[in-house]
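Read from first to last, the chains carry the letters A, B, C, D, E and F; within each, the first residue is number 1.
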Amino acid sequence: MWIYEKKLQYPVKVSTCNPTLAKYLIEQYGGADGELAAALRYLNQRYTIPEKVIGLLTDIGTEEFAHLEMIATMIYKLTKDATPEQMKEAGLAAHYVNHDKALFYQNAAGVPWTASYIQAKGDPIADLYEDIAAEEKARATYQWIIDMSDDPDLNDGLRFLREREIVHAQRFREAVEILKEDREQKKVF
Amino acid sequence: MWIYEKKLQYPVKVSTCNPTLAKYLIEQYGGADGELAAALRYLNQRYTIPEKVIGLLTDIGTEEFAHLEMIATMIYKLTKDATPEQMKEAGLAAHYVNHDKALFYQNAAGVPWTASYIQAKGDPIADLYEDIAAEEKARATYQWIIDMSDDPDLNDGLRFLREREIVHAQRFREAVEILKEDREQKKVF
Amino acid sequence: MWIYEKKLQYPVKVSTCNPTLAKYLIEQYGGADGELAAALRYLNQRYTIPEKVIGLLTDIGTEEFAHLEMIATMIYKLTKDATPEQMKEAGLAAHYVNHDKALFYQNAAGVPWTASYIQAKGDPIADLYEDIAAEEKARATYQWIIDMSDDPDLNDGLRFLREREIVHAQRFREAVEILKEDREQKKVF
Amino acid sequence: MWIYEKKLQYPVKVSTCNPTLAKYLIEQYGGADGELAAALRYLNQRYTIPEKVIGLLTDIGTEEFAHLEMIATMIYKLTKDATPEQMKEAGLAAHYVNHDKALFYQNAAGVPWTASYIQAKGDPIADLYEDIAAEEKARATYQWIIDMSDDPDLNDGLRFLREREIVHAQRFREAVEILKEDREQKKVF
Amino acid sequence: MWIYEKKLQYPVKVSTCNPTLAKYLIEQYGGADGELAAALRYLNQRYTIPEKVIGLLTDIGTEEFAHLEMIATMIYKLTKDATPEQMKEAGLAAHYVNHDKALFYQNAAGVPWTASYIQAKGDPIADLYEDIAAEEKARATYQWIIDMSDDPDLNDGLRFLREREIVHAQRFREAVEILKEDREQKKVF
Amino acid sequence: MWIYEKKLQYPVKVSTCNPTLAKYLIEQYGGADGELAAALRYLNQRYTIPEKVIGLLTDIGTEEFAHLEMIATMIYKLTKDATPEQMKEAGLAAHYVNHDKALFYQNAAGVPWTASYIQAKGDPIADLYEDIAAEEKARATYQWIIDMSDDPDLNDGLRFLREREIVHAQRFREAVEILKEDREQKKVF
């Protein structure tokens, strides 16, 4: 089970009301390679992965929920003072008529999140490559959003998140190596 | 952010290896009215709900993740010793060829979870009725699963979960009343 | 069975060709909480609801089809004289290349309607709360669209429709009370 | 708008409680080529089709709702006396844990209905071929269900419905010819 | 099996960098009536269609892959020199943050391709009408895109593709006649 | 463009009519990690990947279409002589009422293929890890199907296909190394 602690993993600041940036960030909230996809993917794989890797999946999965909360906070801060007219100019009219300024688990184009984005095969090597790929894709998404953003405060938070994805990818690569070694050992003896 | 505590909210026991029951329980893992839907629905609505209700959504949303973990543990225990032949007899052959015995966020028929199941409107009364309906629907699902189950140990856990849904529905009803009263007050002064 | 009567439930007027407003209205045609969702939800639940409530579901479900026809007429009137260029400026280019000016059951972002938006549980209380939530959510959507609209003729029609949702919500609340009383009565005797 | 008349287009009888047949019939309720798809497809195309064909689309679309009601009644009659155990034996356990014996707009495999099954292009010839194809596909589905059914009472109703699809296909073919002739005429003068 | 030949079926030219046109063309890449849908639809039906028609389906299905490649090349050429700012102005910001300038099988609104767009019934007449409708719908889509385009080089390619759809529709109509005649013959003898 | 050659990449044999095995194989036809997903994923990424890797993606993508054809042939051979009753016993009744014995791009549970299963990020390293993960997941799926199969002739074909996935994974790993080296070189000079 999880205990909620009322603080963010890393402080979130935004320079100004900017619903256009919010629209892009929705991709990392409910998009194919966003934080929801990451958290749900890792926590779901815990039951059939070798015991050695369970802790890693729990740790990273739990951290991804903290990232999801950071993204949610960013989107909220970027839109909370926006008028309907500003939402419209930001390409968020379709969002507004459905959700007002509430968040929703969809990508930047408005397509609802689906579990079809993620996978669990029961095969540890396949699952870990699924995870490495997920982190590499999330890293790319952060890069494309940073390319589009001119908000230095927001970018500070996005760079923190991008760095975490790189660290996670590395840890999943190490886990592959550990499992492969184990497999070799078993063949030897 | 959340802290993971390595224990279940309520102990999970199952009497025997029983993949047939596991198939039904998947409905509460990744189905329309399952625990994933509940957790994600409430935590997502926190940003635009009146401040008075945020804590309630955080508490219940976080608890639903604990329920999700209980359901996952039940499914895992019911299937971990099953042979491929037993998976097939339980109607889980389609699950097996795709996921082996890994869990997946789908309903009992194998349809992947989609955010289209849930909603956030930015209107507090609409959002809270969405939540009451969610709890009533989850309560019904637990009932239909209990109808199908003959495992007394499992049923003990399921009854605990069903009770929690009834409590949550009640708390969401109270929140509606509180917000309506506030609205009345504002009109008076 | 149904008989078609060639008139609208309430007269539909629009002030000018305005595809931008049409784009927003599509949300109530084929969106999560739109008129199609409402009609199909209620008519589908009729078979397993207690007999006392069947007539209510048939009446409201049939009326929602009349609302769907009003929304369709509004969208058609707002777009029928639009040039491709005007469709593009209204954010309807993606609609145009796929459907020209034909209507389609999708939301304002262009996501096709799915039955995942609605539910039927066989449990009368759960089903009626699903319906109350549906009406509250539809009411909110009409509000967000009215917020975006500056067409007084259109708004007259939208306000009529919003009022109907409030009436329906009230009638579903009464149905819950009737069923709860019945349940109490049965327990007493 | 539509007026509900409390009778079926054609009497529906079933010989015995038979949830297995109900499972197959769900395909015509909420499947790709079922009655819901048909009704929604034709009624939606009315706004941009040449005036000559509007009445045909309204008539057939309205009739398809009557067919939908017949299918719903068949499914209800085939399942209403079934025990949970009988639902399970009929392959409806996944349906039961989610919906009890309520109906739902999904296909026989349990996939929810989506508007992606249907289309409207604004081009009259394309739309009418879409409709002819729809009727031919519905005719085939009725044939496959009749192949699977050994209930003579049910088959009587299914044969009636299959015949109606053949008539509709013919009427859509005639509409294509009328529109092509009109086009020729316009070219001549 | 297929052999790749490194040339396009018909030369693809575009006048200038124009991501706005690219956005529209995505409809024919991964939309409901696009080239992917066409290719996959015909090649899939080959196994249960009468032998006389298999070659036709293989030929047209294989040609549609060549069309898919032409569309891909057009989209690539229209976007390869675009800046992020130009992508944004073209309504492709949501595409950019998810895919940078990579292609993706989605429609112009960003909805991912789904097999729900296509059908195979095992009934040859139904399958061929599905195919005729597909070609008529693709023809319409090309028309709507040409309406929106002012790039004469691009339009030359699009007109070639539109013509091919008309030819294919005609060949599918002939196949229906051949199968109907065969059926008549069998009845006679 | 592609040229069709009327032969299979590797001979396909099945021992007996066995629709149960056909049901499992559908997972590799239209499932999340099946051959359709593989072919479409690689061919789509070709436009934005560094030139050095384009040929590899074209080669493997084209080969995956040959695999798709092998799987289609297997499914067809396993079902072509099956009676409706045998289809039903194999868990294919829902398939039969919708598609008769025609193939369809869906997974073993009957969920239609969606492009949400695959990804293209425009970032070469992310795209190649997506591809490695795809091959590892396909390898696992083949293993789970072989676990369920007792048809030695079929298994011969499945083992050939599983081996090809391992080779492809290796080639994608090499491509990652080549691109990383190139990147290093550029940093040095």
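Observations, loosely collected:
Keep in mind that, in the parts below, a contact is a pair of C-beta atoms (placed from the backbone, for glycine too) under 8 Å apart; a residue touches a chain by one contact, two chains touch by 3 or more.
Small disclaimer: the values here were computed from a predicted structure and weren't measured.
Traced through touching neighbours, the fewest hops from chain C to chain E number 1. Between the contact lists of chain A and chain B, the overlap consists of C, F.
Copies chain A and chain E of the same sequence differ in orientation by 120 degrees, per CA superposition (steps of 5). With centres defined as mean CA coordinates, chain F is found 34 Å away from chain D. Inter-chain spacing, taken between the CA centroids of chain B and chain C, is 28 Å. Look at where the CA atoms of chain A average out and do the same for chain D: the two points lie 42 Å apart.
Counting partners per residue, chain F has 32-33, 91, 98, 100, 109-112, 114, 116, 121-123, 140-141, 144 as the residues that reach two or more other chains. If you draw each protein chain as a dot and join the dots that touch, the picture is not a line, a loop, a star, or fully joined; it has some other shape. All chain pairs in contact, by the document's touch criterion: A-B, A-C, A-E, A-F, B-C, B-D, B-F, C-D, C-E, D-E, D-F, E-F. Contact residues of chain B toward chain F in the complex are 84, 88, 91, 93-98, 100, 109-112.
Considering their complex, residues 32-33, 114, 116-117, 119, 121-123, 125-126, 129-130, 132-133, 136-137, 139-141, 143-144 of chain E touch chain D. Within the complex formed with chain C, the chain E residues making contact are 23-24, 27, 31-33, 91, 107-111, 140-141, 144-145, 147-148.
Contacts from chain A toward chain B in the complex involve residues 1-5, 7-9, 30, 36, 40, 44-45, 47-48, 58-59, 62, 65-66, 69, 72-73, 75-76, 98-106, 112-116, 118, 120-123, 127.
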